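Next come two complexes, and both contain chain A; in the first it sits with chain B, in the second with chain C.
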Partner chain A sequence: MDILVVLEDNHGSLHRMSREAIAGAQQLGESITALAIGQHASLLADKLSGVDLAEVLTVSHELVSSYNADGYAEVVRQIIEAESPQLIIAGHTYQTRDYMPRVSAKCDIPFIPDVISAEDGSYVKLVLNSKLNATVSASSDTVILSFQSAAYSDEDLVPGSCASRPFEVNLDTAMVRSETEEPFQEDAGDVDLESAELIISIGRGIEKEENIPMVFDLANALGAEISASRPVVDSGWMESFRQVGSSGQTVAPKLYFSLGISGAIQHVVGMKGSKNILSINKDPDAPIFEISDYAVVGDLLEIIPKLIEALQTEKNS
Partner chain B sequence: MKIAVLIKQVPGSESPLPLNSTQTWVDEPQVTYTMNPPDNYALEEALLIKENVGDGEVVAVSLGPERVKKVIREGLAKGADRGIYLEENSQIETDPLSIARSFASVLQDENFDLILTGLQSDDAGMGQTGVLIGELLGLSTATLAVQTNIQDEQIRVKRELESGWFQWVKLPLPASISIQSGLNTPRYPSLKGIMGAKKKEIRVIPASEHQTAEKTQTIKKVFVPQTTKKTEVIEGNADTAAARILEILKSDVKVL
Partner chain C sequence: MIEREALELDILFVGAGPASLAGAIHLKRLLQESGQNANIGILEKAVEVGAHSLSGAIVDPRALRELFLDKNDQDFPFEAEVSEEHLYYLTDNKKIPFPFIPPSMNHHGCFVASLGKLTRWLSEICENEDIDIFCGFAGTELIYDEDRIIGVRTGDRGIDKNGAQKPQFEPGADIYAKIVVLGEGTRGSLTKKLIHKHNLMDGRNSQVWALGVKELWQMPAGTVQSGYVAHSMGFPLGHDIFGGAFLYGMKNDIWNLGLVVGLDYKNPGVDSHHEFQNLKTHPWIRSKLEGGKVIAYGAKSLPEGGWYSIPKLSVNGAMLIGDSAGFLNGQRLKGIHLAMKSGMLAAETISIALAENNFTEIKLGDYEDRMKSSWIKDELLKVRNFHQGFDHGLFGGLTNAGIGLLTAGRGWGFKDRLTSEAGHLQMEKGLKKDRYKDLQFDGTYLFDKVTDIYHSATSHEEDQIPHLHVNEPDICITKCAEEYGNPCENFCPADVYEMVPDGENQRLQINFSNCVHCKTCDIMDPYQIIDWVPPEGGGGPTWINL
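After this line comes the complex of A and B, so read on.
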């Protein structure tokens, strides 16, 4: 099977999920072509020189020297037209979410996103906020897939060699209607979640802003840092630099203590590297329990006060 | 400024999710539904843009079985001017390309300046419907918007990238933009809004008028993910749980 893997330039290096996408592609087919677009195209191609690939196509054109959805979608369309791959694969990154649906609509090829495993035309994707999985199949021979983070491991990349080939695209300014500015980072705040040993993380299960001070009491008693899931930050109950997940911080403490967090994949990618995971959730089927070492099934609003009490008794004895 | 907001009705985050008898989706009668959270932010953004610009129209659009009219009415109660309901009678529709074609065929004649969607639905989680519609209608597109700014015939969008990075993009109107949660504070409907909503128009588009496209992908089966990780499950009352947690912190993980 002919597979095209579209690579992603992550500020000058190859995106981790692009390597994972290649590892996944190698399990699905024999002839794999990778595509590198933009000012760092040959740099990205070099990074794959030791990997078993048919070839790496490089596209350099001033209209796609840095990422923009209009240009990328058109480049990928032209390559699909010229090379007729059966599978088009990319990591399920924010950039893929931005342009890949455009490719799908342009070429009339279904795009199955967020795939965690694949075999023989049947693809498993996350649904219902990671609570269930769905097996999806397509009616066409050609399919676009994006692989969720860690669906495949780059440790399984098959070594070998590959050559690179420049690919000429036809782009004109009328095709690129948007003006994309340089990426930037915002104030990182003054908490150091990355080196914290113990993190207590608050999810929507906290229910009300008024309940948050209780968690700070617990954190003080334990000497822990505090982080949060996205809805808690969205509600304005916590600073955005405390958000853990794909849009926020990636943490790996000795213990990640989650309170009322369901365990959606976009949260989990930010904390699954924690040495130990202890979670309180009142739903015994919460996906967070699948990755937890300790699963406390119960109401955090009852358990936290008891835990603070128990800590105090302990200190006084 | 004429703005369409696509609002999907999805299972609430605390809803039970039992599988149906064919294990092809959840058992709908047992599910409690709500407005897809990012769509609520998209609706608020549309109302704010209209208020800022000073004139225009916000149209709440939804596709699904009869029950989804509820989220259209909720949109009307919050301030949308009218609704469009695309009827869908079969089991939950999850093929984004044919859904997008349905929407595109209905929205095309209305010449919207802006189509706002949520970035992802909490049920199917395809994360693409708004972009597909944009491409099908020849509009400019942007995703993961965390701030928007209308400037004459253009819209500037602050996009969220991964790991705390952002980026501004400027697009010509008309555009289809997908909205990330948290960019505003969605309002609650007022009593007056709820009363007023009853008088607002909801145009119904029968399935036969919008469903022309072939399905390109289908969910064959849904299932509960299996894990191999060894997990100690702690149940019982709050005192028992607190005592065991303390022990874990002290003796098992040794962070105290």
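After this line comes the complex of A and C, so read on.
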């Protein structure tokens, strides 16, 4: 085995960033093994049956039936010990950030997180508010990586076939010091901008707090997440976890739909990795247009209601 | 009652700038020589030494040579020796060389340097000599025992924007010391309180300030001569605003371009950042920047008042050094050597005070005596009336400076002392004029404030009480809007202050996380209702080479 990709279970389906991690791994090496852990392990393995992989390992021990950091870290450690992969890869999700440093410490393998590209043992990361790219290499032959959202595209997954193999792990309760309860969704934690495929983002051009519900209507119609630029959050119209930019989140959805955002560099560094950018702004000279794929010069307060209406009509027909 | 950690030191410097670092190093050595031992600590609000250090800078190596007798100029972390020097008067599109460079503007034998690099270098020496530097901790309160200062309290961490404690709340520590040395730099927040409480400016001229705004430009290889120095007057400020531009060649093809603007202008609409952008529209400057890319931005105020604006330097248990005490030669545009020297002179007094275990005002007053018999006085006395002359415009100022050269510093040739008036009092009501109608930010050479701030790499913990305290916010929307047109939006070089619509009216929004810690608002606000206090430790710009 050259590369081990650790998968993330998203309520029985495969996390988008896990698929991206496999796509990235396929560009880096020949022999790729995926690892599915938990109650949905075989379900996840099935979903990968059409992908070109050496195999999918499944671990379905009761102590890791749902996610816990201690258990996951120990499982990954045992697999590294048994299979000696050269690269261990995962998507840079919240979960990865939780357990992967533990794997790194347990196995004494360097962990290079949030990588945007990789080639021949050198790995590129964004540093200093995404102002610079840093190329990092590891002092050891074995390295753990996590890929930033959208660093690779799951559309590039190489099709093929693979079989799955159950892997027996030795876990006891002494190794797993925490107990996982039923997952629940807190209002705030509900928003996962980093893995959203479609984001509607609003800026100062929304003018008034009273105009915000309209944007939520549009988001519902499109199935999008909502984010905002700084002035909207500063005004208290939107929660701070929705802020995108250098002092907020970094996002890279398939479509970033910006409404009334001027495109100050502090905002742009948080979303410039988006696949497609569609922007509406009254000011034809707004800097956001320089990085937009589709630019609409116009008043969003006129456009949004019409857009919602059009979406409704299409839905009904 | 919050339980605070207490730390006992012998000597505490506040602010790891050149004054404190040089003072601490000198003190350590004096103590070794006299067989004493003492714990010396330095508090620094920035995340690391140098991250809040900004200066031109051309350094006179005099103090460094005195501090490091065993080193040569080549050992100091300078960019280059001044190799070529120009002084120009700029019209809108031409540059006219001055017929000669006056001795006070002659930088022969001085060095182009980055203050950030210099302070980092000094801090390494401190570490090697067992001087503790506590980075990421701001001094927020002076601790008194009756009328004697016995320590400094550092800021609490983990207070949210409503003033409530967050889960990671960590109360500030009380650091006790026999002597607290304030080297906070320009318009220090503890210094301000100390000066006020002990009336240290009594009988002095008001301090007057300027604001320096600068950018670093990375140029194509082989295009920048390191050690090149040019200064200019005239465009874009004209004759009514004190100040001028500088262009210095650094190592690795980096231009260091800046503009100093006196904070005693009349038009409340003056915006130093915008003046600086205008400077870059001048054909000569533009030709220098052709093909380059901006890599850093910063701004810092500087005390320009000179000799007569230096406060009383000691009180029971505390002393003032460096920019906190106004040690800057406005005519030579230099203060680093004076700051270092003041720290070193303070160290000499401290060494004696420790030996005698006497920390009274009278004992510590020995520092002021030493200063008055040192070259600091020789240098500052000669230019003691320099800035005051510019109250009469550029040509008045130059005439006064010229006569001063011939009369060892007399004002207009006969007056021993010209007075000054605080800059914020000179702003004229109802006079706000837009000087920037034609200024277009092209994103290549000219940048709006928000873009420049990005290049200052500034960040603050967002969930905290804004560290710009506006004591009577009603004044902003009533009196100030009417009388001065809210000059905070203009004088702040970091877009911290913004008047935003609020229903029918306006309200002041404080974008505190943009703050580059230049202190201009605290200085220039016409009603003096803004109090700049340190944000949670570690916040602020992360300058590398400014």
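In this text, the second predicted complex is superposed on the first by the 185 of 317 C-alpha atoms of A that agree within 3 Å, B and C clash if a C-alpha of one lies under 4 Å from a C-alpha of the other, contacts with A are read in each partner's own complex, and residues count from 1 in each chain.
Just so it is clear, contacts are C-beta pairs under 8 Å (C-beta built on N, C-alpha and C of every residue); 3 or more make two chains touch, one makes a residue touch a chain.
Since the model is a prediction, treat every value here as computed from it, not as a measurement.
Colleague: Tell me the contact category for A:Ser247 with respect to chain B and chain C: first, second, both or neither.
Modeller: Touch status of A:Ser247: both partners.
Colleague: Between chain B (first) and chain C (second), which, if any, makes contact with A:Phe111: first, second, both or neither?
Modeller: first
Colleague: I'd like to know which partner A:Glu168 touches here: chain B for first, chain C for second, both or neither.
Modeller: Neither partner.
Colleague: Would you sort A:Ser178 into first (chain B), second (chain C), both or neither based on which partner it touches?
Modeller: Only chain B is touched by A:Ser178; chain C is not.
Colleague: When the two structures are overlaid on chain A, which partner does A:Ala134 contact: first (chain B), second (chain C), both, or neither?
Modeller: first
Colleague: Just chain B (first), just chain C (second), both, or neither: which does A:Pro287 touch?
Modeller: A:Pro287 contacts both chain B and chain C.
Colleague: Applying the document's definition of touch, where does A:Glu314 land relative to chain B and chain C: first, second, both, or neither?
Modeller: First partner only.
Colleague: One more residue to check, A:Asp234. First (chain B), second (chain C), both or neither?
Modeller: both
Colleague: On chain A, which partner touches more residues: chain B or chain C?
Modeller: B
Colleague: Hey, what residues of chain A end up touching chain B and chain C alike?
Modeller: Touching chain B in the first complex and chain C in the second, residues 128-129, 131, 234, 246-247, 287 of chain A appear in both lists.
Colleague: In the complex formed with chain A, which residues of chain B make contact?
Modeller: Per the stated touch rule, the residues are 11, 13-14, 17, 19, 26, 37, 95-97, 100, 119, 122-128, 131-132, 134-136, 140-144, 159-172, 180-182, 185, 214-225, 227, 229-239, 241-246, 248-249, 252-253, 255-256.
Colleague: For a test of understanding, state which residues of chain C touch chain A in their complex under the given definition.
Modeller: Per the stated touch rule, the residues are 443, 450-451, 453-454, 457, 459, 462-463, 500, 509, 511, 513.
Colleague: Can you check the complex and tell me which residues of chain A touch chain B?
Modeller: 68-70, 73, 93-95, 97-98, 100-102, 104-106, 108-114, 122, 125-140, 143, 177-186, 188, 197-198, 204, 222, 230-231, 233-234, 236, 241, 246-250, 254-255, 262, 275-276, 278, 280, 283-285, 287, 289-299, 302-303, 305-307, 309-311, 314
Colleague: Which residues of chain A touch chain C once you look at their complex with the stated criterion?
Modeller: Residues of chain A touching chain C: 128-129, 131, 234-235, 240, 246-247, 264-266, 287.
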